[in-house]
Structures are given as C-alpha cells and as structure tokens.
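Okay, so chain A shows up in both of these, paired with chain B first and chain C after.
And now, the complex of A and B:
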C-alpha cells in the first residue's frame, strides 16, 4: 500500500516527461539563438541554457534517458550477479572460491573509481548515443560483484535446504532445481538488489556526468545538467537552473522509498 | 585435565594466529596484484587509451591527426607495458607520469597527506554524526523514520551536486560533504544495528534491574556491536575513497582523487595503475583489520 503513492508519482513524472517530448515542437538539441540563457517565457516554460536549448525538453529527456538506462543497467547487473552467484553456488568449492575471488578483485577498488576508469577509455570522438549506451553498460558490467556475493550466500543456504535435498533425491537435475525451486526462492533477494541498483546507477551517472565522463553532449543527462550549476551567469538570470537537481532528488527519493519498503518487508 | 586441554588450545592458537595473518596478508597482496594487472589490461586495450585532445581540434588536418595518433601509440605489447610498470615498482618510483613527466611516486607522495587528512576527518565526523543521531533514534518505538528523513534526503543528492551546492552557497567544504555522505550511508546501518541491540533479551533484563541507558550502552550494547562496527568502517572507507574523486575534483583539492581524475582524463596509465594499487591496498588493509576481530576470536 505504501508503495502506491511513490509509484503513482513516478508514473506521473514519466508520463509528463513523455508528453512534454511529444507536445513540444523542439528537439532536445535544438538551439534557439535568439533566446540564449533566457528566463521562463511562453515559448520556453523553464527558460533555456547557455546554448539556447529548451530546459523543459532537456529535463524531460534526461529523466526518461536516466530512468530507462538505469533500469536496463540494473536488470543486466542483477542477471549477471544471479548467473555468477548461482554458478559459484553449484560449482565445486575450488571453482566457487575462484569465482568469489574474482568478485573480490572488483570489490577491492572503489566502485566509482573503477567506473570512472572504465568509462574514460572510450575514444574522444564517440557519438553521444554510444557514450550513453556505454556509460550504462559500464555501470551494468561493474555493478554485479557485491550483488553476486549476496546471491551466492543465499543460494548456498538454499542448496543445503531439506526440499532441495528432496529434489536431488527425486532425481531432478541441477538445471531443473535452479529453474523450478531456486530462482523463485531467490526472487525476494534479487528484487531488492535490482531496486538498490536503480538509484545507485542514476547517482553514479550524475556524478560521472558532473566530471565530464558521462553521457556526451548534446544528449541530455542528469550529470550534464548538473554542470549548468557551474555557470554563475546562468544562475544569476534564472532560478529554473535548479529544476534538474530538484527533479533528480525527487526521483531518487521515490526510488529510495521503494528500496526502504522492500528492506522493511524482508 | 581441563588445564591440559586449555594449554593445548592455547598452543594451537599460537600456531594458527601467524598462519591466519599470513593468509590474510597474502590474499591482500594477491588482490593488489590482480587489481594492477586488471588496470593495465583494461587501460591498455581500451579503444580510447591513445586518444589525444588535439584529435578533437578542427584546426588540425586529417593527416596531422593521424600523425598525432601514431606519435602517441608506441605499439607496445601488454607484456612490455607490464614490464615497464613492474620495473617502476621495483625502482620505487612507479614509473613516469605520461602527463606530467615526473616520477609517479613523487606525484602521489605529495598528495597523499592531503587526501589522508580529508578521508580521516570526513570519516571521523561522519561516524560521529551518524552515531549521535542513530543512538537516540534506535531506542524510539515510533517516529524513527521521521528522524532518518534528513539522512535519506542527503542520500538522494549526488556527491557532485552536494559539492557544487556548497560552492554556490559559499559554505562548507570537502570535509562537510564527505562527512554528510558517510553519515547518511552509515546512519541506516547503525540505526538497525542499534535497534536490534536494544531489543536483545539481556538488555530487557538490564533495564528491569534499573541500569541507566549509559550503563546499558557501555556494558552491553557497545561490546556486542564492535565487530559489526569494524565491518561498517571498511564500508565507510570504500565509500569515502569513491567519493574522494568527485569531491576533490570539484573543490580542486590537490589530493589523490583529483590526480586520479586528471589521470583518467589524460589516459595516464602509470598514475592510474599506482592509484589502483594504493586503493586496493587501503581497501584490503581495512578489510583485513575489520575482519580481524571476528576471525581471531574464533582462534
């Protein structure tokens, strides 16, 4: 019940953003040269940036890109973690130890540093779409180790449970046991991991973007929009510059509330 | 007879203790080695490793850009790159920075103290804030989430945005941002840890006997949660190390985080490998110290 209100707000935000993109005649990259750093007007409801691009359209696009990218990346990372954790749990101890050591190697470096390093390795001439896809893929590729450890622990406990032994005794194969029994039982563990990853990835993308390592211009992203806050001339002209960060905080609070709900239920 | 058993156990523990420590140190060193080799592989084979900012300059002709690319790409194999790196380690200077043309050890050495101080102060203040908030809130039956709301709000603000807000408001600094981040992360764990400790049956017994809250915390809660707190400290260190990069880059603090950011932007492999090693060492050491209490108790 508690989840319904934040879910409804998030849905409204997403629908609103989609509507803005549909209704507004401008593209997120369109530059209105006559309205550079303009305040809110009838033409540009929340003003424009230093290149004359409509802020409402860019914020709406950033919201959709950020949410879609982070959700996809979280789904991929959860799937990788599930495969890795299950593989380790159902392998001989030596292989399981090796796999867990591999996850420890990833965990031995702070995540953001690793992310920054991996993201910076793209050629400078990569297109904005490529940078967006790669940013979220890098997030997905590096986010799994902690999650895999949790799934490995959960799967190890489940593997030695009585009903699993019963399954073995009935002649079920590992594949059948995983599909029929283990995955449904691991769902309460996988769901929180997924929900934790979504806001974490949005924050990571914003931080990367603020350092100039996120999604490439002119594609809008939370990180690139945070960079606007560095422009004091823009800040002096309009308060709408704070719109992206305000919306980002709202979205993150909503996503955090989902995580808190799941944690409470667990 | 019990005396004999105790002495055998004591002897066994004396033998096992150095072995456990040796295994831990060996594991940490191995993790560092893998982290360094992984960094070399990742950076060397990345499509953008030999990118040069001049390639983006429209004033250069296509031929000149190709010339720049061939200049920057020394065609070294991975073995040669690794050999150069390891030679630098053996010499103790960690090679020469591609960007600044000075020994990496010199670059990092000068910045290490700044980052260490920032980390220490940030973590210490963050923990103090989290503990001061979590201790009274954990004892509450209702309204705990309301008290935790400010921390949830801080968690929802990206570090870079928090740092930019501090600069815009001309208030606070890198230590404040780091402390707030650590406090927000640890508050949630500390609250649930302490709430669990308050509900323990022996605490109820202590309350029934009229022990003061101070005595309960000092005698019952604190000793029981120390191992978990040690594990949380490791998490704090990892969180703080990760946050160091945006904080130092935005506040232009001349520390290791800013150097890492600059090395990443300029594809400075020797500096990146050295910083990876340093970070792996700090995380490994923190992990080793955090689990020390738990494992050595079992000896």
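And now, the complex of A and C:
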C-alpha cells in the first residue's frame, strides 16, 4: 500500500510528460523568438525560456530522457555488478580476492574527472541523442564497483547456505542451481542496488549537465535547465524557472521511497 | 562510483553555498577611497611586462606616461611631456618634459629616467608587448641632450606613433619597483593575492585641476579580486562598490529596475562577435568539408541565413548592435558605411547553396557528392550570451538544412584546437579591440600571421583576395596620408564583406554601472572605461 502512492505519482508524471510531448504543437527545440521568457499563457502553460522555447515541453522531455536513461544505465550497471560479484563469489578465494581488489581500485579512482574527460573525447559532431546515450552508458560503465561488492557479500553467504549444499548433494546442475535457488534469493539484493542507481544517475547526469558535459543542446536535460538557477536575473523574471528543480526533487523523493521500501522488505 | 557521485554533488553544493554566502574578503573602505572589482589577480605589476587586462588597469592607474590618449577624443594629450614633436620624415620624435617632475618617493624625474624606461621596454630581454608597435624595436635609439629633452630616432615612420607612449610607464632609472614608486596618480601600497589591491594617491603627482587643487581627488583606490557577478552586483547595490565595468546584459536590466540612475548603455563597443569556418589546408578535416568551407557561396549562404537583429535582441537583451564588418559602427572614423547589409533571407541562402550544387532532401542539405551538411561550432563555455547565440544560429541554419552541433569547450581546450591542432569545423568567438585604429588589427588580417584565424600562418596568401587584404593592410600601416589609409581600410572591409572569412554577428554594447555618489565620470567606450579620467573621480562627500 505504501509503495502504491509514489508509484502512482511517478506513473502519472511519466504519462503526463508523454501526453505533453504528444499534444503540444511545439518541438522541444523550437524557438518562439517573439515570446522570450514569456509568462504562463494558454499557448505556453509554464511560459518560455530565454530562447523562447516552451518550458513545459522541455521539462517533460527532460523528465522522460532522464528517467529512461537513468533506468537503462541502472539496469546495465546492476547487471555488470551482478556478473562481477557472482564470479568472485563462486571463484576460488585467491581469484575472488583479486577481483574484489580490482573492484576497490576501480572505486578509488577519480572517476568524476575521468568521466568528464571521456565525455569531452566524443567527436565534436556527435548529435545530442548520441551525447545522451554516451553520457548514460559512461555512467553505467563506471557505477558498478560499489554494487559488485555488495552482491559479492550476499552471494558468498548464499554459496555456503544449507539449501545450496542440499542442492549440490541432490545432484542439481549449476544452471538449475542458479535458476532455482540463486537468482530468486539474489533478487532482494539486486533490486535495492538497481533502485539506488536510478536517482544517483539522474543526479549525476544533472551534475554533468550543469558543467556543460551532459546531454548536448538543444536536447533538454535537467542539468542544462538547472543552470538557469545560477542566474539571479532570470529568477527575478519568472518563477517557472524553479519548475525543473521542483520536479527533480519530487522524482528523487519517489525513487528514494522505493529504495527504502525494498530495503525494509529485504 | 555512487559514493563518488554523491560526494561530488555534496562538494559542488557546498561550494555553491559558500560562494553565495561567503562574506566579502575585501578590506574596509577608507575615507575618500574609490572601490570596484576586478575579476582576477593582475599577473604582474611591472609596467613593462603587462600583457593582460588586470595588469593593464594597474599600469594605467599607477604609471606616469609621456602622452595619454584622451578616451573621448581619441587624441594623444601631453602628460609628463609638456610638448611632443615629430620630424617631417616621421623618424625623429622630440619630447620636452615638464619642469619639476617627481616620482612618488620624492626623487626627481628627468630625461635619464625616461630614456632608461624606453630602453627597457625596447630591449628584447624584457619581452614587452608594446615593443612590437615600434616595428623594429632593436633599431630604435634614445638620446637625452639635457635633463628635460628626450629624442627618439625611429628606423621608419610609424603611423599614429603618439599612441604607443600611452602604454609606456616612466619608472626611476635602474630602480624598477613594480608600481611601488611611480610617476602616475597612484602607487601600489597593499596587495593580498585573491583578495584586494590597494593603491594610494601619489603625493608628488604633477597634475592639478583648474583651481590649482592637487589631483587625483580620490585618496586611494581599492580593487577587490572578485569573479562572482552576483556578489559584485550585490556589493554595488549596497554601496560597497562605486562602479561595474562590463556589466552583462542580464544584470543590466536587473540593476536598471532597482537603480535606474546607475546603469549606462553607451552603445556599440569596438568588440565584435563572429563565426568563422576552418579553411586551413592542414586541418584534419575531410576534403569535402574543406571544400564547403572554402566555398564563398557556402559562407554567404550561412551569412544570409542568420538573423542578427534577433541575436542582438535575444542573446544580449537588446544591448548589442547587429554587425557586418570588423570595424564597429561605433568607430566613426574607420567604419565603412557603404557596406551592403545582408538580406538575411532563407530564400536567398537557398539560392546560393543551389548554385553551388547543394540540394535538399527533406530537412537535410546535401552537397553535390551526396554528403549531408553537418558540422560543429565550437565556442567557449561560461559565456551565456555566446551560448544563446550558438543555439539561435543552430536553429537559423537548420532552416536551410544544415545540421549543426554546438560544442562548448573550456578556454584552454578551445585555444588548443584553434591555435595548435586546428581541429575544428567552425568557431563562434569574440574579438576585443582595445584601439580604434585598424593598425592594431594587423595581426588578425595579415595572411602570414598565426592569428589569421581561418587559415593561420600562410606561407603565401592562399587566395587572391587574401593577397589583396595583405596589400591594403600594409598600405594603411605605412601611408602618411589619412585619406589613403581610410581608402585602404574601406577596401579591406569591402573584401571581408564579400568573401566572409569571418561572419560578423553583433557588436556587444558597452554596459556600465556607476554609483550616483561618484562624481566626475565622463563616459567612454575605450578601456579602461569609466575610470579613464581617474584623476577627476571622487565620491560625493569624500575627500577632495
């Protein structure tokens, strides 16, 4: 019951955003040069930005891009972490120690700066869509070590559990053991990792966008829109400038509530 | 990784909060003191080694000079020299110093000090930027027949030679002091790196006002090192600062609402904003792209597709003037008013493209070989107006089927691409012109120059029109006739308008905020802006 309300709100937000993009006549990149920083009107329900672009359309597109990208990146990073953690857990102790050492080294590197470097190495002509995909892929590729250690710990406990030993004793093959015992018992471990990654990647993309390294213009992203908050002159001109940050906080709170719920159940 | 990202976010937030709420690190304002902000620390206080804006300002405020350019009339006026003569051949300059001049420590200033300062600037070991303006600095000789006379022999005539002496501060011979002993209005007395610089009045300054009162009026100046526009404006509104030079358009309107009597829009500056295509034959670009960029009709089509009035109105909130020449319309003497402004018509742009074999398929433009016309425009991150212009150009060019990607880069990365690797397709950037005379722009127009941005350091001019620009620029730099110089500069402007190696967009306006308490300000668009007549500036109620 507790989980239903935030899930419903999130679903409503996603459906609402999709509906906005479907019914609004404007493209997110369209500049209405006669309506710069326009107030909310029937034409532009939350006004326009500094280039006359419809703010509602851009916020809706940023919501969908951010959520879709972060969800996909979280799925990829959780999958990589699961593979790495399981490999270590079911390997001999010396190999497991080496793999975990590698994971720790990976974790200790200054990834934020390397991520900025990797993002800036993209060809100059990379389209905004490519920059969006690459940004989330890079986040996915760099986000797995912390999850891998958690999964390794959980899988190590599972490996020596009584039902696994019983399975071995009954002559179950590895495939059967993984399908029947391991995956169902790992799910409560993987789900929180996945749910933690989604808001973290949304925030990471917003951070990169605020540094000018996220999704390329004119594709909207939370990071680029949050940059407007850096300009008090804009804040004085329209309260709708706060819409992206307000929506970001709502989405992050919803996602955190999912995580808390799953962790409690686990 | 997650922890890393969270930590980064937390650090970024904390930094932002500290930046916003940190108390100003400036020293308290003294009686009769004027205060304003500079955006970074001066690199040097040695007046001979100045090569950036903050150091230039300190030199202007502290250095005594033989001649000073009046920033309103743009003519040189005598300062330490009471007279200045040029021989008919233009190779001998004779300065006569004012009698009784003294440095800020009370010691006498004579022709020996002037000769020593000039020789130091001319010496290659000093590396003075201003030395290049003497054309052949090692062949310049300086004589001092008596304590008040200085004779300078030049190997060849230099057009507008008087203006060079505006940049040469006279220091005590053999005692370079980095602004601690000066012959100008102020003296460096206190400097805290990253915080503030304080300049006190030179008690032995030669100048007096019409009533005989000692100048400058201000007892001291405090220049806070502050690179935060929000904080600068807040301190200005609180009366902590007396002026802001180079106000951004966004904040101009904010200030105009809160303190309308403080803000001034002086109209178009001498600076230009432009885009250009990389035409260098050594650029690591595909041949078909080089062919586009070297095609005049392609460049004309781009120019026709842009809406400059929109750029000025939207990116600069109306505080810019549409541009079509490298000489600003504010530069009345040199601007070529006969240039034909582009029609800014998409149909006209399409016509030029079609005549060069380009064709449309849906929303995408293709060249005659079937390559889709896609390119990137690099620009520097952190300049809001420029990034807005880039987005608008992206939409304007999309209307003629060109797919443009905007790539903001930090400045060092941008310079690396432009100057060293030449690895870019198009660039959007501004040029700051400190002087109205086109001679100061020689390094941008001569085809052999490394600053000839669209095709740097050409061994021989790559095209006939570039050879013609070289010829006309050399002519204007050496001709003693003002009329001949004007004709040559007009011709260069016409060639640039026809060939469009640079596609000019706007001239940003000069925006300033001046405290209503500040008296004696005379508006000027040339650097150092509102403080060019610093001798006469004072706060109402301050010491006089």
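Assume the second predicted complex is superposed on the first by the 252 of 266 C-alpha atoms of A that agree within 3 Å, B and C clash if a C-alpha of one lies under 4 Å from a C-alpha of the other, contacts with A are read in each partner's own complex, and residues count from 1 in each chain.
Everything that follows uses one rule, which is that a residue touches a chain if its C-beta (ideal position, glycine included) is under 8 Å from a C-beta of that chain, and two chains touch if they have at least 3 such contacts.
From a predicted model like this one, the values you see are computed outputs, not experimental measurements.
K.L.:
With both complexes overlaid on chain A, does A:40 touch chain B (first), chain C (second), both or neither?
P.N.:
In the superposed model, A:40 contacts neither chain B nor chain C.
K.L.:
Quick one: is A:197 in contact with chain B, with chain C, with both, or with neither? Answer first, second, both or neither.
P.N.:
Second partner only, chain C.
K.L.:
Considering only touches as defined above, state whether A:256 meets chain B (first), chain C (second), both or neither.
P.N.:
A:256 sits against chain B, while chain C stays out of touch.
K.L.:
Once the structures are superposed on A, label A:143 by its partner contacts, choosing first (chain B), second (chain C), both or neither.
P.N.:
second
K.L.:
Looking at the overlay, what does A:234 touch: chain B (first), chain C (second), both, or neither?
P.N.:
second
K.L.:
Tell me which partner A:111 touches in the superposition: chain B (first), chain C (second), both or neither.
P.N.:
both
K.L.:
According to the stated criteria, A:207 is in contact with first (chain B), second (chain C), both, or neither; which is it?
P.N.:
both
K.L.:
A:29 contacts which: chain B (first), chain C (second), both, neither?
P.N.:
The second partner, chain C, only.
K.L.:
Which residues form the common part of the chain A surface touched by chain B and by chain C?
P.N.:
107, 110-112, 120, 124-126, 203, 207, 210, 212
K.L.:
Across the complex, what residues on chain A touch chain C?
P.N.:
Chain A residues touching chain C: 29-31, 33, 36, 50-52, 107, 110-112, 120, 124-128, 142-147, 196-197, 200, 203-204, 207, 210, 212, 216-218, 231-234, 236.
K.L.:
Would you pull the chain B residues touching chain A in the complex into a rising list?
P.N.:
31-32, 34-35, 38-39, 42-43, 46-49, 51-53, 55-56, 152-153, 155-161, 164-165, 168, 238-239, 241-246, 249-250, 260-261, 264-265, 267, 272, 275-276, 279-280, 283-284
K.L.:
Show which residues of chain A lie in contact with chain B when the two form their complex.
P.N.:
Against chain B, chain A makes touches at 104-105, 107-113, 116-118, 120-126, 199, 203, 206-207, 210-213, 222-223, 226, 229-230, 235, 245, 248-249, 252-253, 256, 260.
K.L.:
Along chain C, where are the residues that touch chain A in the complex?
P.N.:
1-6, 8-9, 12, 230, 250-251, 253-254, 307, 310, 313-314, 374-376, 378, 381, 384, 387-388, 390-392, 394-395, 403, 405-409, 413, 424-425
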